[in-house]
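Letters A, B, C and D mark the chains as written, and numbering starts fresh at 1 in each.
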Amino acid sequence: MIRVTVWNEFVHERTNDVVASIYPDGIHEEIARAVRELAEVPIEVRTATLGDPGQGLPERVLEETDVLVWWGHVAHDDVTDELAARVQARVLRGMGFVALHSAVLAKPFVRLLGTTCTFRWREGDDRQLVWVVDPGHPIARGLPEVIVVPRDEMYGEPFDIPAPDELVLVSSFSGGEVFRSGCCFRRGDGRVFYFSPGHETHPVYRQPGIRRVLANAVVWAFGGPVRSDERRALQSPAGWFEQA
Amino acid sequence: MIRVTVWNEFVHERTNDVVASIYPDGIHEEIARAVRELAEVPIEVRTATLGDPGQGLPERVLEETDVLVWWGHVAHDDVTDELAARVQARVLRGMGFVALHSAVLAKPFVRLLGTTCTFRWREGDDRQLVWVVDPGHPIARGLPEVIVVPRDEMYGEPFDIPAPDELVLVSSFSGGEVFRSGCCFRRGDGRVFYFSPGHETHPVYRQPGIRRVLANAVVWAFGGPVRSDERRALQSPAGWFEQA
Amino acid sequence: MIRVTVWNEFVHERTNDVVASIYPDGIHEEIARAVRELAEVPIEVRTATLGDPGQGLPERVLEETDVLVWWGHVAHDDVTDELAARVQARVLRGMGFVALHSAVLAKPFVRLLGTTCTFRWREGDDRQLVWVVDPGHPIARGLPEVIVVPRDEMYGEPFDIPAPDELVLVSSFSGGEVFRSGCCFRRGDGRVFYFSPGHETHPVYRQPGIRRVLANAVVWAFGGPVRSDERRALQSPAGWFEQA
Amino acid sequence: MIRVTVWNEFVHERTNDVVASIYPDGIHEEIARAVRELAEVPIEVRTATLGDPGQGLPERVLEETDVLVWWGHVAHDDVTDELAARVQARVLRGMGFVALHSAVLAKPFVRLLGTTCTFRWREGDDRQLVWVVDPGHPIARGLPEVIVVPRDEMYGEPFDIPAPDELVLVSSFSGGEVFRSGCCFRRGDGRVFYFSPGHETHPVYRQPGIRRVLANAVVWAFGGPVRSDERRALQSPAGWFEQA
């Protein structure tokens, strides 16, 4: 049983009518529904938002999360450094982490990657074409060769991330730009997936192909039970492993 | 002093007037000029073609080549298996290998990569935009963020190659497709670069940005003196390295 | 249901009394038992040997194999090029391939990797310590930090393979050498794992930790249904994907 | 002209007689000598220590550094977060960074990698054998197949780092452990090399093979001029690149 928490800053939906009309229950609820519907394994999905107690991820909630999905945009700075550090530490202990769209600049993601994670961008009328470049990858299962997103924000190269451990998706935009839009990273015992489509003013997470990516990503990011302790430098006398 | 050989099947230029008018001396001579002009290191560039004795790469020529550039398209099957095996072996001993455009399906390249190296394609009016996704890479030095190729053949994903060791360039096309157009591989002691732009009916190799890639790729692919012997399984008695 | 075929050249067991006493039913049967016992998913394991009709892998058998395990040593040259090509092609279409010990020099493996796959070696009294360097990897599940193999052949660096896509295990030997002993490669739609322990004159495949690696590797290498057709270069008119 | 700064916390040499007798001028001066002697390119090497003004790396010094070498052990916590952030930012802008031995736990390194960077360790009498696993790599140029370090601290797996972009060296120890001892990472526009040998109570940095690694690493880590500005998210109107 994979225990998933979908976290959302939940700001746009309460301040912008367009976003509210697309995601009346919040982006997090739509994502949660997609994962519940399409993950073909036993799974339990809850949601949490920045306004909840403990910014939605108090110790206990995080400890009961196997895979954390994160959507954030305008409120990155409101997330405490303490929470960002806790999320990072739990990923290193084995929690899966799926960062969506502008979560590329969220504190936990940037701390895990160590680079600026910046890119070119444009809010406009671009059509985004999301291409599968690694058809044998678990995250590509059941996907068409290309997902057509009629309108989305443009995110373009250069994208300042470490080379992904696995590159699954690459997007092009009407304006001509390209972007590594589906990237796998492994950090500590945890698996991290970044997926760039999903601007809040377009119903991107309601598209079947995109929902399939969300569900596949959650299943891929699950790596089994999370370690109970943080890895530490371990003094190891000669022959320590002989007794084992 | 880097000793470069630019090899070309040299067929289109002699059978197609459009190609002949763009590359009157053959594609190989144009590529050779680009490398001579722009490589900022001591370099010596010769050319060879399929019609030359020994298919252009008799033992002695190959032995005097530090970096081999390969352009081929319609005559892949005319290259002998014996030559393909010799090229592969020399790459593994440390020779650089730069495969251009349809050389992706040339025998030595396919043998080195082990996959089908297939892709989608279209001869048409596409504009190709070649984006730098790894600006710190030596092959990206001096390049603009994007090279605009007004007209080129479309090569699109899925591109059936092993994940490149370094991904430097990604292209988009007017038709919407994307392609990993600049890929580094390391095989044995040798370095391999694949660069996809360059359809013969358009003057792609005359563009400054493209020429810069060609020169940078040759310099990057040079890894020092080539080993004189092939690697072999070596029986190694206990303590063999103590005497060293 | 994962359909596994364990292939063995089956020569040593019939010509060498030591090997016969360790593996009276053949190495293949021991490996098959390990996979059956420890794979925690629905699985069906059959065995095949070089002496069987069609060298053990006639068209039909290969077509019904999702993951192929390969053990070979002295009879590499007896495997036909035609069979090696068929195995390679099926891996590229999505079949998993687990190459064991000296299968590193078997034709299908060398064709898939494109390098010489050579290394240093010594038949002697070395103790091999197999260390997990990627504890979060599926192939490391349930393994101790180190598997102690009391006696095994030494396989040492330099190991002439492309950089593995994922490096899971690294061994040291009493003699001081090291070896990348558990390496993942992805080729085409298929997954390839190389695992180096297993010299035939020592009961390596009877050790619990080693058996756990075998079972985990088979499960990891399974990537879902194999493609029915080979990938080909596909001419793709403008807008081909719009109808989809 | 590569401008190198060798930074050392410079504590052990002033508090421990053994260390002082091995490195009477400080570890930094010995490293600086090695780089000056063996780098076969125009190079200028200065040294800096934690006790110097601005912790040895005031704004101006860092701005004039193309490659920074870092040795630290007991004083990691004395390095200010502000300095660690400045070093990280400069690496992302293109500065090379060579982290030595226990600098694996230094603040700038840990921030760049995003993991705990922990490992097993033992101060004892281990002999370390440093094996070249990537003989074609620039950092391996001129090295023997193995560097024998008669006595060194043991650093062993599991080593909690992201998979290196290039793995060049792997060590074994008398006690049987292994360690990825020479690892390349690329972060932002910068190149990072971690090299683990070098415990302060043994004259490791006086050995010719080790010195060759130090010099090669500095040359490899140099990636050309450092960007003057930090990468930022760039709003990019449609067609922004057409004017170029």
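We take it that a residue touches a chain if its C-beta (ideal position, glycine included) is under 8 Å from a C-beta of that chain, and two chains touch if they have at least 3 such contacts.
Since we're looking at a predicted model, the values are computed, not measured.
Chemist: Please identify which chain has its centre, taken as the mean of its CA atoms, farthest from the centre of chain A.
Modeler: Using the mean of the C-alpha atoms as each chain's centre, the farthest one from chain A is B.
Chemist: Please state whether A-B or B-D has more C-beta contact pairs across its interface.
Modeler: Between the two chain pairs, A-B has more contacting C-beta pairs.
Chemist: How many angstrom lie between the centres of chain B and chain D, each centre taken as the mean Cα position?
Modeler: 33
Chemist: Take the average of all CA coordinates in chain A, do the same for chain B, and state the distance between these two points in whole angstrom.
Modeler: 37
Chemist: By the touch rule stated above, which residues of chain D touch at least two different other chains?
Modeler: Within chain D, residues 129, 134-135, 145-146, 156, 158, 163, 165-166, 176-177, 186, 188, 241 contact more than one other chain.
Chemist: Which stretch or stretches of chain C touch chain A in the complex?
Modeler: So the residues of chain C in touch with chain A come to 94, 129, 134-136, 138, 141, 144-146, 148, 165-166, 186, 188-191, 223-224, 241-242, 244.
Chemist: Under the stated contact criterion, what part of chain C meets chain D in this complex?
Modeler: 127, 129, 131-135, 145-146, 156-159, 163, 166-167, 170-173, 176-178, 180
Chemist: Please output the residues of chain D touching chain A within their complex, sorted ascending.
Modeler: Touch residues, chain D against chain A: 88, 92, 105, 111-116, 118-122, 124, 126, 154, 156, 158, 160, 162-163, 165, 175-177, 185-188, 230-239, 241.
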